[in-house]
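Okay, here's the structure, questions in a sec.
We call the chains A, B, C, D, E and F, going by the order they appear; numbering starts again at 1 in every chain.
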């Protein structure tokens, strides 16, 4: 009971701040929390990144091994994205197979990379129809401070940018970079009482009725989008979010993801 | 509580009718409900049928693809029958892996087809020991109005009778009919207070202690049988059911399942 | 409630006996219960043994078939050990996938055999990198009377000692013995109130805070060890158990496991 | 089939439609006996059926909410609904589709009327040809109304896409496979977006234009949904009048 | 082994039996300590063991019945019980066998004596050679009696089949593999059929004849079951007498 | 890598250590925000993180104990923590490691202080290089202290092994792969052994000697654990002083 009352009070507090144009941590509505990205943090992985975005903390590992291509794309490599909301990262996460939240996050991270054609899949082919590189992107969330979505996307792209195809281990010559040709960046906004805020903290996310993630690429085009949550958005709100998402993605890309 | 009382009243009602030789919908004890079978209702499937038997409604899809034969039957195709009692079809069905009822239904449908040798499995062999046709019979129950058993069997046979081996899609020549050489028909009876009734409605089925399904073939021989439920049957009852089941199967076959 | 009181009384009883240097069945602290091992009890298995150790009763079946070696050991056969605590064997066992207790037991049995190099795995290779013998050791517990650990280990070794590689069935010549080169024996002790007892009965096991299993080989060397349970042991206790375990293993080996 | 050379020729798509044209739609309300509400929906070659049960008791109990109904949505594809047989049971895609579909409908359901109860929506895809999630939402929306669940409005759903650099409404399978973008949306008749997803490639301007195109599609579907419900209730009424 | 040319020669089957002859049967009652009742049953080369626990508390609770006991039956094959190692755990076949076996026994159990409780029957197949479900029912029936569960009667079970166009009682493995029909039944001593399954091919007349043959087999097994139980209780009685 | 010819040369191991030398250890206390206590622990190339939640409510309820807390331990390896990608989720090895690790810590936790509640310990292996269970126990022990769980003492853990017939402390990956024995232990500072496992080959004398070597290793780790906790609380104190 006490917990529910606390949650209600917290909700009112954030809502009242919002009315005054403020956020609990003093940020502007379109401002991200402090972001750090460290790469090559796991030397057993072919690529890796540790992302801290405010209180959110996660590690992305990229493992690359050989495998069989899908029958309908015999000359293309395979990307498999996995995200786990392990119980270490939050009192509300539970052990067991991924639930809908984790699956949605993994699939949006995956689409952001796949649909922007950030990786040149045809260059992951070793022997057409027989042997291709399988790129496993595993997102390991360690601390849920809100907006796992953007942290995971950033981590996945950062890990890929430093990842190597392990040619040597498979007797295929020298290791080379994963063939990246774009740098997609996801930006997530929430709607709270009519206002739009970027990069929600955990509290903001929990009281927001709706989240919209927009992934845009180097040219400022849109490659993926996902609304999540039970409140509707107006066309104006969506168009507004798309505009600031593209702009913010550009900023983040230039600052954190230079190839 | 109200539900249980209603169920009890309903049970008394049907039981009292039965004493007078009547059924709730006015049928004779050996009479089937209205039956319609439409075939080729799913054009993505190699064969399909929609069956309506009274209030029971289901769709059977037959998918055919190539696969590896079992080691002990290298020159025979494979039949795999699956039946799902999805929660859309009844307030008492639950999501999740099939339970014993669904498994029993699927296996009796399967045996009815397999044991009557309705399909010439040797003609489903493409390359002995390497490549054969896999025939997947999937029964999708949409509305449970009782006697899913017979509806599913009828649907499976009807779908198979119109199914094609997709030779073309696998570069094996022209599509041809699935090699059928018999038309097995399942007939299900229930025992209620000593009386035998065919094609039980949902209410009849729920108050009956026992169900007996008899599958017979074109020559009037028996190819499969299954007693289900916790009440015993006498030898006389079983022999009586076998007699009317063979007769009724003949009627249904001639009316609905002409090759 | 009554059950808990009974358990408490039983615990006091055993504890008080122990103070006097006695056990409920009159055994000495380092004495095993009556042991019988019958081999070749399942003629469908390539090797088998029935073990009765006091009230504990189990059957071990060894199935041997061909399979693919692991990539990192292309010229070695494979051992797979499985143990099920089926609900037939105890009111407290439940159906379902093995839980941590069953998994621990299986893995300790497995390590006892594997790490003592009791089986010459290189002789289980048929074609390097392609085809090796897979040795499945399945422990089927029928009655849990305590100390399943030792009964399972004894059964596994006894079954292996009589098992044949089924060369004939796979057209590889005559059947020959499984290439055994050692006879590891596990001995389990429990600590109760500071005293050490071998081969715990079910009651003793349930009140003991800790179990230590020591597997030793023909030369009296140690090949596996496992502490299980929430009470700590002192170095002295461990060294004492190791000493009597090696001695007791020798006795058991000579009496029951002559090759 | 392999990628066709052109997906649009002279402004006409492979299946004969103009870019802003929906596929043919067929709606049947109240097709199931056991369900409290139901709807069969054909959207081109897609065939889906939706059933609604509820408000009813929640099992397991711990899923209950004390101040509102819990809405559950299960999107499921029949094994035979697609070219390559699908293994039965939920996969990652269907779990995501179920989630966003549920969220597309929750905004219009008066959940607070039914505390501690469940409203269960089941959507079965009998045949799939791109657009099954939108077909499912359209069907589910009608099935909810058919079940008498109090709603603020219906929800309508369709996708917009891009093929051969042209924005097109309501992709069919080949356009989905070989096109450049797929963007399903769901909308209330007053223009509130309750679902939007997108993947592929759109410029900023194409996005705005595409969103408007999809909204028009939703409004057209809304009219068909209303008509189907009215027809059902008229025929019921007639039935009742005839009974007298 | 590949299909033998003949399964019956001069009226004698491959294992030396006449057509209407059962395989040798060995019964041991009360073989387990932990179970409330148990029975080891050999039926030719089949080796099964049955255990009964109960009446006892039901977990999980929602499986309780307010006016009678719930009977549960778990038929399980040991991995090593068959030629090709079986993966541990229930498969579709064992789930069906468990269901029909439970239904074969429920009619004779006075379930109404034990509302809200469970009677659990576990059958483990240690070696399989065709006929494991009938062996399991025979064993379980004795284990129930050994556990003191009130029963109207025992249940006995065996199969009839057809090989080389001849009806034969109690198929063994090769007859099952290469025969034309398999029809297991279970029966109370007064002739009530509590299980009947059949697959293969029987004419109408063969069916009647086969059913009678199977019934005779069941009656013979019934005598052996009774004898085994009497022996157990005599030896117990002796034990008690000797204790005095 | 294939088996090296020698694992020890002139008394020096492949990674430059002497036989009785631990790998470098790095400890950071309180690294997570959501958890009640946490610790990052590097043990050579092993990187693990431990979190503690509790005492808190037990779900599901039936796991509650009426007179003490239930301690749960989940050891999990990240998919990318090993050379060959590991499939996510628990396997048999991680279930066993979780069990023995929990039992290694339970003796020092005052569980009776928190009846009906749970103390949850989660250990995630981010990078593995032999010794992850010992690293996990060391980390978990600190995380428990960081969470303020009342404990009799810390627990420290390391392994001893045998390579080229020489006993060595704290095996790294190549020694684990190609060595003759691995024996992890866990210990309280007063010498009580709370975990011991062993596999491989040790003579009776080697065992005694190895156990002593492992105990010395544990004591050295204990000092580092204490230092890390003191540092954390000093810096907290400083923070508080500075706040004034």
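By our rule, contacts are C-beta pairs under 8 Å (C-beta built on N, C-alpha and C of every residue); 3 or more make two chains touch, one makes a residue touch a chain.
All of these numbers come straight from a predicted model, not from anything done at the bench.
Comparing each of C-F, C-E or A-F with B-E, which pair has over half of its contact pairs in common by residue number?
Selected from C-F, C-E or A-F as the counterpart of B-E: C-F.
With chain centres taken as the means of their Cα atoms, state the distance from chain B to chain D in Å.
Computed from C-alpha means, the inter-chain centre distance equals 31 Å.
Can you check how far apart chain A and chain E are, centre to centre, with Cα atoms defining each centre and the answer in Å?
Taking the mean C-alpha position of each chain, the two centres sit 58 Å apart.
Approximately how many whole Å separate the CA-defined centres of chain A and chain C?
Distance between chain centres, rounded to whole Å: 49 Å.
Could you tell me the distance, in whole angstrom, between the mean C-alpha positions of chain A and chain D?
Distance between chain centres: 27 Å.
Could you tell me which shape the graph of touching chains takes: line, ring, star, complete or other?
Looks like a ring, each chain touching just two neighbours.
With touching defined as stated, please give the ring order of all chains, chain B first and chain E second.
With chain B as the starting chain and chain E following, the sequence is B, E, C, F, A, D.
Which of the residues in chain D end up touching chain A in this complex?
Checking each residue of chain D against chain A gives 92-93, 95-96, 98-100, 103, 106-107, 183, 188, 191-204, 207-208, 211-212, 215.
Please output the residues of chain F touching chain A within their complex, sorted ascending.
32-35, 45, 47, 49, 51, 53, 56, 74, 76, 78-85, 88-90, 120, 122-124, 126-129
Can you list the residues on chain B that touch chain D in the complex?
Checking each residue of chain B against chain D gives 42-45, 48, 55, 57, 59, 61-63, 65, 82, 84, 86-91, 95, 97, 136, 138, 140, 142-145.
Under the definition above, what is the set of chain B residues touching chain E in their complex?
Within the complex, chain B contacts chain E at residues 100, 103-104, 106-107, 111, 114-117, 212, 220-235, 238-239, 242-243, 246.
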